[in-house]
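Next, two complexes with chain A in common: one pairs it with chain B, the other with chain C.
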Partner chain A sequence: MSLSSILTGLTTVIAPQCLLWLILGVMIGIIFGAIPGLTAATGVAVFTPITFGMDFAPAFGFLLGLYCGGYYGGSIPAILIHTPGAPGNVATALDGYPMARQGQAGRALSYSVTSSWLGGTFSSFCLLIFANIVARFALQFGSQEYFSVALIGLSCIVGVSGDSMLKGIISGCMGMLLACIGVDPMDGVLRYTFGVPAIMKGIATVPALVGLFALSEAFGKSETTTSAEKGITGKITGVMPHFKEYWENKILLLKSAVIGTIVGAIPGTGPTIAAWLSYSEAKRCSKKPEEFGNGSVEGIMACECSNNAVTGGAIIPMVTLGIPGDPVTAILLSALMIQGLTPGPTLITKNPDLISTILWILLIGNFVMLLFGLGGAKLFPKLLSIPPKILFPIVMVMCVVGSYAVNNSSFDMWISFGLGIFGYIMIKFGFPVAPMVLGIILGPIMEPNFRRALISSKMDYTTFFTRPLSCVFIILAFALTFIMYRRTHSKKD
Partner chain B sequence: MKKRNILLGAAYAAFAIVGLIYTCSWTYTSTTGLNPSFWPNIMFTMLLLSAIAIIVFSVLGPDAEVSEDSRFHWKKSLPTIIWVGLYTYAFQRFGFLIPTMVFLCGEMFLFGEKRWKVLLLISILLPIILYFLFTKVFGIYLP
Partner chain C sequence: MKKAFALILSVLMVLSLAACSQSAPSGGSSGGQSTPSQSTPSQSGGTDAAEPAKVDFPTKTITLICPYAAGGQSDMICRTVADKMGELLGQTITVVNTPGAGGSVGASQAAAEKNDGYTMFMCSAGNISVVPYCSEVSYTIDSFDMIGQATDTPFCLVVSNDFPAENVDEFVAYVKEHPGVNFGTPGANSSQEMFMHQMEQLTGIEMTHVPYGGGSEVNAALLGGHLEVACLCTTDVYANLKDGLYKVLAVSSEDTDPIVPDAPTFISQGYDLTCTCYYSILVPAGVEEAVIKILRDAYAETMATDYVADAFKSMGIPVSYLSAEETSEKMHKVTEEFKAIIDGLNNA
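This part shows the complex of A and B:
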């Protein structure tokens, strides 16, 4: 990437309009991440429709700001009230909360935000370096390779399925079937439309994601929450970071950032896996492993650094292959399409400034997050006291309005409502919704490429194995399934 | 938990069977060699096999207590779901502003907010602010 391209990206992002949206995005992201029950995915799903009328830079400034802020924000309740804002922050709660109980909540918050910033910044540079390489590499892909790469994404259903892989597979199949509704991509025949003209174009992705991620959560919250969470109420002090502490842990931070970026770049994974991997690695290499679980600084640094390093990594497959790295990038993929951009290897070649714009958004977004995290630490206990009885009704309004706003379609509101109820029931029965989202996103990539590959090879099913790249991806998909299955089961044991 | 899993496994299996029968009834034959029913049939078959596996594992495996989080509290959630459904209908029929005001007031009340000043203030001001933001700032038309 040329220097002029990088500078063009910078001038685009530092334009006042983009910068303001970016700051707003980070702020809302931190709020969404910090409030238990709301996540970065919910925030991005709820706010994606409002970017419809915006240009690319402010729209993505806002959404990526929300993404970074949301992933960090989850650590705030993990530290202050022992309730992780998102599954990726569970490991942070193990050491952050004990530290806060020892009267060092400020220090814990400081480690959390500074490590998040370091991880996020590292992965942004990785995005700059590797996105072009992957995109150039992906230009050689045929239908077989696209199908196999999507299969890697799908294989990661195991990683986001929680306790039951079978339930995850069912959820993924339901998502794939939902994606089949509408016009068949190869023959143009209508499938499962039952004469309803509104679904001839298929189920709109954003309303579906809003329903599955946000409305279902809100319905669930209506059962239990009547008051805000109570936690650490003392004065927050000692927030300013000390360079020396981070320098002493430079290897740990580098390792965690690398783990986060790699895990993020593997389609279908996410911050939970990254955080746990880094936490285990930090504990394994630590000189004081006994401190883990009792307020270890290394524990907080490792999981928060890799948690936010996922952001840059997850964007690599999203922009270069059109395959989401985690559930949030699945929604961001739709936002990219709203902007009229088609994700895939040609995206970067056709829009050379795009990666540098995203790079600067992530760099500045992470820096804004650091400022908010350090400057606003004293306000966080107040943030956690926003009553859910006011917040969730507002979220519901945003869900309904957002679903309408994508296509100005009332039908989309009903799709969102219906999937909200479906998601709520699924969650109650222990069915994860993330695989369903993966199915909705990956289905339209897998099906046409699978059929195209078979047609071009005259129905030779071995075509997926005789092409070296495709074969490697399929082996990788099975290896990942196996590794994640083993990990899930060893955790249960 | 066992009973719930068997019940849901059976429901998914039934859905997959109906889906397979319906999809197999399509008469369209593609010139490309692969019919439009090809992919959905794979998915329905996988769904059916997974649902059967859930039933089998649930029957053979040990029973576990249903956690508190997994229980349905219909008395609390159903009014919210119905209220959101009514709001969606009213939004479609009467537009954004008035239905949102009524919805917010009712929903906050359902969530447990009883202070009438807060109810009125938020349910009147917020829809106006949102309407302004969507139409003037985001450039999105709201009915």
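This part shows the complex of A and C:
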């Protein structure tokens, strides 16, 4: 990549028309990310058709802006109302919401957007410098490796189980069980569908999230809230980021950004796994692991940094191989084709300016997101000054709309509602809901890859250990589980 | 305090507006279910069914159910057709995505909709010709009337570059020597899987099916060296094939396919395999004659426009319009073929 083509990219992107679309994209992205049920993927899908008649730079400025904004936007409701806007922001809710309850919503939002920016910017540079290396590495992932990585994800259950490890495991198993519902991914057999067509697609992630996090919280709140209870008011402080805090956590941020970029580049994964892996890694090496789950700054930084680092990572296989790295890039691929560009290994060699244009779009898009986010960190917490008796009914209405909108399925509303009640009962009896969500998210990755690995190796169970990468991941998963278990237990003694 | 409240209100309004804009198509679809129950009986009562008279159709929004997620290729086909056809009919056609279970969620829903012509459905070979015969779903091919075919793509037999075969003969010979070679497809009960079984039954070879989650996952596995043999549609292979990342031994079209011009057909190599994955527009069975004629004519006109030709070209798929009768004949033929394959598998 020559300097001149990098500068050509810059001049293309800072043209007023492109810049305007980019800013608009980021704005819409943040809104889509922030509404539970609408995700970055929905946003990009809905708006791809309007790029039909546009040039490459404004079209991709708009869509990639949406992409960056969308992955960040989900953290806003996660922090403010315990409702992750998208599956990738679940781990943010674990620490962001407690911080907001302590009256530090502004600070939490500021950490979230600044870390997102750092992660997004880091991965954009990776796209520029390491695209080919990262793409080759991502291709090394076969079914065995997918399974083993998901196993590391499962080890996070130890970290989010709270007081009782047993209850956490039970909750995780129930999640995996729910993930079995629907059409069997390998044989096409119907499981637990009771002849209802709507259940065939299984328990959708977003409605499940909305139910388990937002509705259960709202039900719980309705029990304690009195009509006289006031919202959280008070000065919003700590919005401006302090360089020192981020510098102290530079290793954490770097690790999270690397995890995000690599996970993003692996086809078929996405921000959810990246965020969980970084979260448990952050907890593992934290000096204050007991803060995790009660408003840990490191927790928010780790998740948000890595889930936005996914953006640059996921674009790598898209532009180098024509294979999408996550659900959004799958849609971006068709947007590329609309532009008359054929995705594939020769895309970059034939269009040398493409990468630098994308790089600048991502860099500027992330910066615009930072500005909007910091501005918003001053405003959004005011939402919490609404008295709970008004706020929570509004949240519930949004939840119902959101869970309907994902798949246009009224059945999904009932899933949300049912899981909301179930989550409420779980919390009453001291069962953590986060492991259940992990089960629902990781189940559909683990099962087909486990079975695919076995089928292709003619039912040889050692295949998970004889492949070096897979073996390393499995050892890591066990080591993580063991270390985190020891840490949580020694803390109590 | 007052200022803060006003601000919050405005934020909420923006949020709910954005949410509404997304759920708008669904509002249209639920409207499409309730109103026709009042209007259709009077319409069909007024006209003689044997002699289609003039009907006032369409008078409101039509729904086109796309059984795949928004943003994918099938969704783009739906949106292109919906745009142009709606323009010709003078009514909006909204695309409603009901993804899940390889399209059978959408198919089940479409089959259960009112047959008043206000609900259309885009099917693919997998969910009409395969799923009803290997899974318990509430529809068959007879649950629908045909409007016309949109596109069809032949299947490719893809092998990695170091696979020791350059044509189908060598491939068959190799697999006979090494039974149980893995082959990947985009999913369980997909038309690609059926096609490979058809090939197995024709040539007497035995392979192991490894289903993946979509064409791009199969591509990733092929490029990463985790898979040596796969069956994919031409649209999934053409970019990688052009760059020489794997070989296509044969393509299942009757003549050489313009998307993969260098790949020989199965027929030219002496194998009678000519199956394609079709995408067609259907309506629930039993739509009034006069109404379905309006839809068919509008569809024929839509598919002949430059707008559709350009949009399909940019997606790398052919415009292969077939009339309702031809579509029906083709779909029944493919369905019979696949049914025979499934019966063969069950008896084996």
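Structural remarks
We take it that the second predicted complex is superposed on the first by the 272 of 493 C-alpha atoms of A that agree within 3 Å, B and C clash if a C-alpha of one lies under 4 Å from a C-alpha of the other, contacts with A are read in each partner's own complex, and residues count from 1 in each chain.
Keep in mind that, in the parts below, a contact is a pair of C-beta atoms (placed from the backbone, for glycine too) under 8 Å apart; a residue touches a chain by one contact, two chains touch by 3 or more.
Since the model is a prediction, treat every value here as computed from it, not as a measurement.
In the superposed model, A:476 makes contact with neither chain B nor chain C.
Of the two partner chains placed around the shared chain by superposition, chain C is the only one that A:140 touches, whereas chain B remains out of contact. In the superposed model, A:219 lies in contact with chain B only, and not with chain C. In the superposed pair of complexes, A:455 makes contact with chain B and with chain C alike.
When the shared chain is aligned, no partner comes close enough to touch A:6: not chain B, not chain C.
Contact with both chain B and chain C is seen for A:401 once the two complexes are overlaid on the shared chain.
Shared-chain residue A:173: touches chain B; no touch with chain C.
Of the two partner chains, neither chain B nor chain C is touched by A:254. In the superposition on chain A, contact of A:182 is made with chain C only, not with chain B. Residue overlap on chain A between its contacts with chain B in one complex and with chain C in the other: 49, 52, 184, 186-187, 189, 394, 401, 404-405, 408, 455. Residues 28, 31-32, 34-35, 37-38, 41-42, 44-46, 48-49, 52, 139-143, 182-190, 195, 197-198, 200-202, 267-268, 317, 321-324, 330-331, 333-334, 337-338, 340, 342-346, 379-380, 382-383, 385-386, 394, 398, 401-402, 404-405, 407-409, 448, 452, 455-456, 458 of chain A are the ones touching chain C in the complex. Touching chain A in their complex are the following residues of chain B: 4-5, 8, 12, 19, 26, 28, 30-36, 38-40, 43-44, 46-47, 50-51, 53-54, 57, 70-73, 76-77, 80-81, 84-85, 87-88, 91-92, 96, 100, 103-104, 107-108, 110-113, 118, 122, 126-127, 130, 133-134, 138-142. Residues of chain A that touch chain B in their complex: 49-54, 164, 166-167, 169-170, 173-174, 176-177, 180, 184, 186-187, 189, 191-192, 215, 218-220, 222-227, 387-390, 392-394, 396-397, 400-401, 404-405, 408, 410, 413-414, 417, 420-421, 424, 428-431, 447, 450-451, 454-455, 459.
Contact residues of chain C toward chain A in the complex are 1, 4-5, 7-8, 11-12, 14-16, 18-19, 22-23, 25-26, 29, 69-73, 75-76, 79, 96-102, 104-105, 108-109, 112, 131, 134-138, 180, 182, 187-189, 208-213, 216-217, 219-221, 223-227, 239-240, 242-243, 245, 311, 314-316.
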